[in-house]
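Heads up, the next two complexes both have chain A, just with different partners, chain B and then chain C.
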Partner chain A sequence: MSVIAGRPVRLALALLACLVFAACAGHRWAGPLDLARAVAGDPDLSARLLVAWRLPRILAAGLVGALLGLGGAIFQGVFRNPLAEPYLLGSAGGAAIGATIALLVPLGLPSSLALGGLSFAGAWAATLLVLAVAQGARDTAGLLLAGVAVAAMLGAVRSFLMLALSDESVSLQVVLSWTLGGIQTPTWAGLGLLAILVVLALAASLTLARGLDLLGLGTDQAAAFGLATDSFLRRAICVGAFVVAVAVAYGGLVGFVGLIAPHIARWWVGPRHRALLPVSGAIGAGLVLVCDGLARALLPPAEIPLGLITAAAGGPFFLVLLRRRMRA
Partner chain B sequence: MSVLAAGALVVARADAPAPILDAVSFRAEPGRLVGLIGPNGAGKSTLLRCLAGLVTPQTGAVTLDGRPLAALPAPERGRRIGYLPQSFQPAWDYTVRAVLELGASRAPGALSRVPAALDAHDLTALTERPWSRLSGGERARALLAAVLVAEPPVLLADEPGASLDIGHRIDLLARLARYARTRTVIVVLHDLERAVRDCDRLVLLDKGRIVLDAAAGVVAASDLLDTTFGVRFTRVSVIEPDCPILAVNRIA
Partner chain C sequence: MRAAATGLLAILVAATTARAEPVRVVDALGRAVVLPAPPRRIVTIFSSNTELVAALGLTDRIVGIDAFTRYPPDAAAKPVVGGRLGFSVEAIAAQKPDLVVLTPARQAVHQIRDAMERIGVPTLVLTSRTVAEVVGNLRLLGRATGVPERAEALAGELEARLAAVAARVAGRPCRRVVLVTGRLGNGLLLAARRDTYTGDALLRAGGCFALAGSVPQVSPEALFAADPDVLLLAGSAAELAELAGRPGFAGIRAVVEGHAHAVPRAEFLIPGPRTVAGIERLAGLLHPAGAP
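Our next item is the complex of A and B:
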């Protein structure tokens, strides 16, 4: 672990800087001193708004980003491919169907519960469907193909639902806005639940670290080194699907973070997953914090969908990555 | 002391007219370097992968000290059988140390042997070097060290050093021969000269069947070798045991 010696402090400082930036950014910029006063209990309205609205939102943004970074690292490890991203196995399509139903069908549930619950269930169900279509996790190429096919079918179903369920009273723009990603300000209870889920996700993913390292040697060599590859892959995909489903339930479809964060983490701490997983999570958190801050601050009083910001920043990064890979 | 045995192994593919392995029975014990030889498509690598537990035969079984390999938990199989593949390219740019640590992670206490293993395979200076920056010989040594650091009682090697120059190949086979003094070592070889010189026992395979299984000298002298490979070999007596033979039509 000498590779990362001394780096946790720098990572924590960078994350803190992202957190402060996100807390300051908004329709109205706040200074660090305003933040300090607000946290100290300043009774001023703007200070109370900072604590009651912006703080839970940026904390949720950081946690969603951590999940995306974690999910990306897991799926890149499972597929042994740096171009793999967390939505590969249909979770995005499944979550979008769940969200479409939650947004367009009156279910008699609180909207945040319906949206979060159904998008989580959709993401999870889609991944299970991909596993069933691919007849398990043994053949990763088959899994990828199954993921593409299921995603295409789910996209068609979602489009049909959007056309069939929308009317004058429910705007399609609401659904579109969700698919572009965005962090809603959660209640403190909701934030607490998200924090617990993130801790669980991190703990579960760390149990995968050795297996993901071994998979990096190739499935044959991993098996020769004593890894029960089939059952491990199933377990890893289930953990990854859980991580992504929670992220989608809280943040909608936020692209590119799960692709980019593991790359930056790998450059920084190398490819061993015991360090890579938490660092990728931390970098994902930092990226979403900054992008969410920009989303709120760039076009006041409107808010740009978070997914547009991450795509605008991530697209060029992805192209550079492809170029480097083709050169290699 | 581990005895690896295969009984009437059959491996077939639905799209192939003949089985890849056709009722192959085989037994290997410690103390002798066993070479698997045969022409392309004879089934050598498939037999080795069956013995390593990486391919499940349609019929027949592999046993390790009398226990069916299929019944061994994966971690125990990984501890007891070392497998050196024909080709190896990790997905991530692991350092030499990382590859050895992953090899060591399969056996309790093996992590503490990593520095000694690095030293024994002349890798100490390359410890933190990424895989992409190693030469072919360095990669072969690093992978062998990663497999051997757990000290598996059985070692299976599929054409080790096939892509190496003659000097590195001789060095690698010498390491395997040393390991075979106390362990069970089976190695697939295309280089017949090295097979005859370095192995104690040779198993000649053709079309999925064992054609001849005997001491290396006996196999080398047998006409079956010529028949199986479809060529006529010239047998020469080695004067300098450590020097490879270079056959030429005319020396200028």
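Our next item is the complex of A and C:
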């Protein structure tokens, strides 16, 4: 833990800077004074929008990013694979089918509820299907293959649904834009629920920290240290799947963050998961906050899908860090 | 002089009182929409809604449109609040609207209504499932914007024109039609179908559906098998020529007999007043004067 002594303050300051940037960024850039006036109750429409719309959205963005960072760290730990990312076990495909149904089939439910609920259910169902096909989590290579196969099948089903259910008024673009990610502005109650889920996810993740550290030594070594690897892997995958399902329900399919946040965190605080998990979550939060701000501000009045920004802006950022790391 | 001033004052007071009266309407989603006064700053999402508001002579009240709006030209020059990549609630709020008119398509309602409700801006949702609903939208907008008489006059005129078309095609044999509204990259066609205002327009013009079913995407093979009396393409003459030149199209009866026509997209894909002109045009194509 001495590795990270003194770093929480810097991390908190960096997160705060990301939060302020996200609050200022948008179709109309707001200065800190505008923000202060809006929070103080300025009756102007744009000021009210800052409080009623932008604020819950950026808080949701930060929380979704934290979940993606957490999910990525869990899955990379479970699979001991630096290329593992949160959507590995079919959750993206499952969530996308749920979202496709929510967006294209009139269900008589409030759209935000249907979209979040069905994408959450889809993500969960897909992961459970992968676990069932692979008969548990003992064989991680088998799990990965099952995940790839289930993702391919779900992708085909989603494409068919998109073609069959779209028409002139409900275009494919609607589903496509969801698959490219984008934070749904929640109600304050929805944001509260998200915050609670994030706290629960973090708490559940931290209980995995020691087991993930041991797994890093290999399953045999981990078992020699007393870890019941089969049941631990199943539990870790369920926690990871829950984390990702919540993220998907609130933010669609935001790519790349779950892959790079754990790496950045690992470079900073080392491989021990007790520090790695929360730091990866914080870095994920910062990345999504900044990228969501850019998504809203770069091409007004349009909004660029968040997933495009995370890949387009996060990619070069990650490559610079990677290059520095490789030189060192 | 004093009498004149008093009269003027009375008119001003009356006008102010009339303006201050809240307007209550029920929109297509069954929501009771309450407007504190007839709106003066309207954002219209989608060209159809812009055209409807403009048709009521209220172009000067429009303060925001979406990027696909091209008509009428003076409305098309208004500030853009969204387009291909979605709609910006911030751009809408920047126009300080007192009404946003929108339609449940391309996630507009999902993206905009909730945000506007949070900041107290009323939204009016219109749908256009039938031609009658399109005309009804004029009346609804007329009530919402404080010009019900103007809306009633316009709607009545459009209904009279529709009745004239109905009288003209009554008793004529139905022409089996395929109206192609778009083409997909994989070669499939989008065709007008039942339960849409475009399909309703086709029926009102004295046509009937050559294709069975209600799936919008059809393969050219299904179109060849249906062998319609008339092939219509919502688009330009050049686009029709390109379609008719594709393998298989040259042999279908409608093309061979010269009953393949291009019709303006604006009349059949934008549910507004111009749709009635489209129905008149289509009735003329399907049932030319002197035909049995």
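Methods note: the second predicted complex is superposed on the first by the 312 of 328 C-alpha atoms of A that agree within 3 Å, B and C clash if a C-alpha of one lies under 4 Å from a C-alpha of the other, contacts with A are read in each partner's own complex, and residues count from 1 in each chain.
Simple rule for what comes next: contacts are C-beta pairs under 8 Å (C-beta built on N, C-alpha and C of every residue); 3 or more make two chains touch, one makes a residue touch a chain.
Since this is a predicted model, take the numbers as computed values, not measurements.
Undergrad: Which term applies to chain B and chain C once both are placed on chain A by superposition, clash or fit?
TA: They fit side by side.
Undergrad: For A:P8, using the defined touch cut-off, is the partner it touches chain B, chain C, both, or neither? Pick first, second, both or neither.
TA: Neither chain B nor chain C is touched by A:P8.
Undergrad: Which touches a greater number of chain A residues, chain B or chain C?
TA: Of chain B and chain C, C contacts more residues of chain A.
Undergrad: Answer with first, second, both or neither: which of chain B and chain C does A:L299 touch in the superposed model?
TA: Second partner only, chain C.
Undergrad: Does chain B (first) or chain C (second) touch A:S46, or do both, or does neither?
TA: Once the two structures are laid over each other on A, A:S46 reaches chain C alone.
Undergrad: Of the two partner chains, chain B (first) and chain C (second), which one does A:L163 touch, if any: first, second, both, or neither?
TA: In the superposed model, A:L163 contacts chain C only, not chain B.
Undergrad: Under the stated touch criterion, which partner chain does A:Q173 make contact with: chain B (first), chain C (second), both, or neither?
TA: Only chain C is touched by A:Q173; chain B is not.
Undergrad: When the two structures are overlaid on chain A, which partner does A:T185 contact: first (chain B), second (chain C), both, or neither?
TA: Second partner only, chain C.
Undergrad: For the superposed arrangement, tell me the lowest C-alpha distance between chain B and chain C in Å.
TA: Superposed on chain A, the two chains' closest C-alpha atoms are separated by 42 Å.
Undergrad: Within their complex, state which residues of chain C touch chain A.
TA: For chain C paired with chain A, touching residues are 80-91, 93-94, 96, 103-107, 109-110, 114-115, 118-121, 181-182, 190, 196, 198, 215-217, 269.
Undergrad: Give the list of chain A residues in touch with chain C in this complex.
TA: Against chain C, chain A makes touches at 26-28, 45-46, 48-49, 52-54, 103, 111-112, 163-164, 166-171, 173-174, 177, 185, 296, 299-305.
Undergrad: Touching chain A in the complex: which residues of chain B?
TA: 52-54, 73-79, 81-83, 85, 88-95, 98-99, 102-103, 105-106, 147
Undergrad: Which positions of chain A touch chain B when the two form their complex?
TA: 80-81, 210, 213-218, 220-221, 223-228, 266, 270-272
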